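Shared chain: chain A. Partners: chain B in the first complex, chain C in the second.
What follows is the complex of A and B.
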């Protein structure tokens, strides 16, 4: 233990958090500040034929309305993927189409309801397996499968799975189904934007990644980074959901148009319905194991339902490749991973990003393999656990492994008496 | 009838961006009174990076942790951080802080050399002062250095940056992408009680061991383990954005429909220990681990349900309805 490293000192801002004195973004209130509400798509998929905001603009208490044509720069963020406000093609229910700024949220909401929207509804697709069929409705003009550098599926090939299956004494096949999750942080999405005394755009943000978001926002505002600053750094929970922006772009465009301070915040309901999700996953595992407990092969097919925009959907499939076989040394691993667009809210990063999903499948698979050869679930894990110098499916060479030590400790804490030959093992090189 | 079961899982998790090359910068300067300003670009979402960052700076400078004020508020002056994600903040940001502190120490030695009538190379920094090697009596305290520099027309400021190797894309043919900053590990034992009449699963006991490299801030780590366990229980048993899937007509739009775990769902018995296998590239041997603390519960709970009722239900969240249907199927 160091002088300071390893010391259990209290949280730096803990007192403020527990006494309610920490200032979060929704605590920011500025003179003359307006409140924003968004018009969102009532359909899952469709084409906007016309949008008439005149009744909203003319309502008492309304300061202004923005639509796609009010965006000073590019109407897109995250690698030109998602629009800030949809101009034509609706891809999920709840997508932003227009925004109203008014003296309070009730007035803004009333004005939103006065906007006349002529929208032609189209047939949506929700099930990723349906979306993968050639004749499925297209969520995106380029098709419903994300294009990786290995084609329309992420390919991973380590060793030779057929050889692995031939060497195996038992083969186990199983499907794992994992639903969409929400981050549900204590603090919903919110932003406050204003033009500061130096004619620069200031945005109070809940962002988890402000420098990255600056690079995404400035092209939308058509401003250099020197004209925009993001204020934040103290966030009421994110869990990956605040790697994505829900309010900052709209609030910034509105502040630039009206030159007034604006606040755009999502209610809990809006946050749950429209913010990004952990994508749903289905994995099909086929695995081989020898009677002595060595796992010889995993052949995995994965389908990641990434919703209407990719943002980080393909990154999820790439990231999970490291743990396709769990934290275990398996010589032969084969993966075809698909990232599939559907007409659902956007799937993006969430705590344990995609690894939690593949870990679930590969861990249960270990239990099923142990069952198949009549082995204790601890023993099969010890036999296969990563040790220093082992090779992951991605060819990473394991450094500073600690799985065997973790298992020994957890068993000891739970009063489980492991056999001596397992207790004698360590994570150091084989 | 209430049936008990036990399940285990063992997991790993990666530190940092897949493909590497995810940078951070850090900046630290000495103030008029010999305390320090640490500027960082990383957002604290509750994961506690502000606390860990101050501890790393205090250790690197060997000055009291109370003397370090951390500001991470405005992109006008905070150094660059790619983001508080991928369990990377302590590992990457911590290495940047150590580099910034080394830079500041070098500048403080140069500044203090004439004050101590010595060469910079003859000076050491420790115990909140700069002193002559082998002669710690001959020293100048941080308060004096802060005053003399700030009022003497000098600005002692240390900057540092860290970037893991990369960037690298997976090989198109094999998917090989051998870069990784670090990996942490955990093992988990969960005991559940399944009510075979209602299908409700209660987690009775959970036991975790986490190997996370050097734990910079053990209280913060334990907070992560507790909070992550709650999230894992929620994901395992109740959280679904589309509770009526395959219908999307009734998405969860209140916290009554999107059911996160509450205190009532937490196990009465909850044990955890931290193990440390120091990582050669981590700040003081630390690895990243924040995210993984919600990963182990889900497979362990599934295995415990199987142990209790003899059925593998390999879909999460595993709701009471699914338990009851599985029990019905089993009886048929």
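What follows is the complex of A and C.
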């Protein structure tokens, strides 16, 4: 124990929290500030034929309206596939089409409702397995499967799974289905934008990833980094949801057009319905195990429902390659991972996304394998745990392995007496 | 049409012009710049907008502003003295790590303060019940209960 380790340390911003003086983005108000409300798609999939904002523009109290054609730079962010304001193709219900700035939110909302939108509704697809069929409605013109560098699936092959199954005494097959989650932080998405005294576009942001977002926003605004000032750092809960922007781009474009301070905040309902989610995953595992406890093979098919746009879908599926066999030395691993577009809100990061999802599946699979050979679930994990020098499914060589030591400590803390032959094991040797 | 609303806010008399459909939260945050009550859901679910009305915790987002005419409203700003001395519960929340993002903290503190004003020695169940309307997505409930118990047991008293 030293000065810090093992000692309670007060949160450095804790005094601000307990006195109510911490300033969050919605606490920022500026003189003459306008409020934004967005027109959102009422359909899950469709084509916009016409958009007439004149009735909104002419309403008393309205300062301005923006649509796709008001965006100074590229109308795309993230994998540059997601529009700030949709011009033509609607891919999920609630996508932003236009935004109104007015003296207050009630007036802005009233003006939004005056916008005339002619939209041709098309048949959507929600189920990722339906979306994978060749004749499914296309969420995207290029098809519903994300193109990895290994084709329309992430391919991972280590060893030979057929050989692994042949060596196994028992085979266990199981499907794991995981649903979408919302982050639901206490603070909904919000941004305040204005032109500052140095003629920079200043934006108060709830971003969890300010520099990442800065590089995405500059092409939208057609401004160099030196002309965009993202002010942030205080987040009322993010949990990954604030790795994604919901307000910053719209508020920035509006501030540039009107040269006025604007605030764009989502209601709780909008935040829940239209912000990004932890994407849904399905994993089909087929695994082999010998009677002595050695896992011989995992064959895994993964389907990740990434919603209407890409953002981190590819990254999620890539990450699973490292984790799908758990921290265990499995000689034969086969994986086909799909990232599938559906007409749903966008899937993105949330609290260990992809990792916890595939770990949930792989750890239950370990229990089922133990059950199949009548072995204790602790023992199968000790037998297969990574030792220094083992290789992960990605051929990455394990260094400083620590599962065995961690499990011994966990058992001790939980009052579980492990048998001597497990206690004698070490991550340093097999 | 706007009306003059007069009430006592953190010990001071205030007069403010309000619309009949303005909530107390709208008036506090948007008109009076009292920013500790937070707009978490605006539908009475999350408790981040909690204030004390005549000592009772209420959701200011569900309280029509005109209904507090002549009444006493307190927010967490009322509990820190000019010298920056904290209320024992503020001190305990800080020391027990009962805050993470901090967005729910003012509301949860006010529910706790109201509890101890009425019931200085609550049971653990009474503490849990008292803060059950204050959602914390970071999950600081355990630390909050421990902080309130510590104050009830005399910690932080001079």
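The rule is short, and it goes like this: the second predicted complex is superposed on the first by the 421 of 430 C-alpha atoms of A that agree within 3 Å, B and C clash if a C-alpha of one lies under 4 Å from a C-alpha of the other, contacts with A are read in each partner's own complex, and residues count from 1 in each chain.
We take it that contacts are C-beta pairs under 8 Å (C-beta built on N, C-alpha and C of every residue); 3 or more make two chains touch, one makes a residue touch a chain.
Predicted, not measured: the structure shown is a model, and the values here were computed from it.
Undergrad: Given the superposition on chain A, are chain B and chain C in a clash or a fit?
TA: Verdict on chain A: chain B and chain C fit.
Undergrad: Which partner does A:15 contact after superposing on A: first (chain B), second (chain C), both, neither?
TA: second
Undergrad: For A:188, select first, second, both or neither according to whether it touches chain B, chain C, the two together, or no partner.
TA: second
Undergrad: Does chain B (first) or chain C (second) touch A:393, or do both, or does neither?
TA: first
Undergrad: Applying the document's definition of touching, compare chain B and chain C: which contacts more of chain A?
TA: Touching more of chain A: B.
Undergrad: Under the stated touch criterion, which partner chain does A:214 make contact with: chain B (first), chain C (second), both, or neither?
TA: First partner only.
Undergrad: Where does A:23 make contact in the superposed view: on chain B (first), on chain C (second), on both, or on neither?
TA: Only chain C is touched by A:23; chain B is not.
Undergrad: To be precise, I mean the smallest distance between any C-alpha of chain B and any C-alpha of chain C in the superposed model; what is it in Å?
TA: It comes out at 5 Å between the closest C-alpha atoms.
Undergrad: Based on the A-chain superposition described above, do chain B and chain C contact any of the same residues on chain A, and if so which?
TA: Residues common to the chain A contacts of chain C and of chain B are 8, 10-11, 13, 184-185, 235-239, 268, listed in rising order.
Undergrad: Looking at the complex, which residues from chain A come into contact with chain C?
TA: It comes out as residues 8, 10-11, 13-24, 26-27, 29, 183-188, 235-239, 265, 267-268.
Undergrad: Would you tell me which residues of chain A are touching chain B in their complex?
TA: So the residues of chain A in touch with chain B come to 2-13, 44, 93, 126-127, 148-151, 154-158, 174-182, 184-185, 207-212, 214, 229-240, 242-243, 268-269, 272-273, 277, 315, 318-319, 321-323, 326-327, 335, 344-345, 349, 351-353, 355-356, 359-361, 363-364, 367-368, 377-378, 381, 385-386, 392-403, 405-407, 409-411, 413-414, 416, 427.
Undergrad: Can you check the complex and tell me which residues of chain B touch chain A?
TA: My answer: residues 7-14, 18-19, 41-46, 48, 50-51, 54-56, 58-59, 62, 65, 70, 72-76, 78, 80-86, 169-170, 172-180, 182-189, 207-211, 213-220, 223, 228, 231, 235, 239-242, 245-246, 248, 251-255, 258, 260, 271, 273, 275, 277-280, 284, 287, 290-292, 294-296, 298-300, 302-303, 306, 312, 314-317.
Undergrad: Spell out the residues on chain C that touch chain A in their complex, using ranges where they run on.
TA: Listed in rising order, the residues of chain C that touch chain A are 29-30, 33, 35-36, 38-43, 45-46, 48, 75-77, 80, 86, 90-91, 93-95, 97, 99-106, 109, 135-138.
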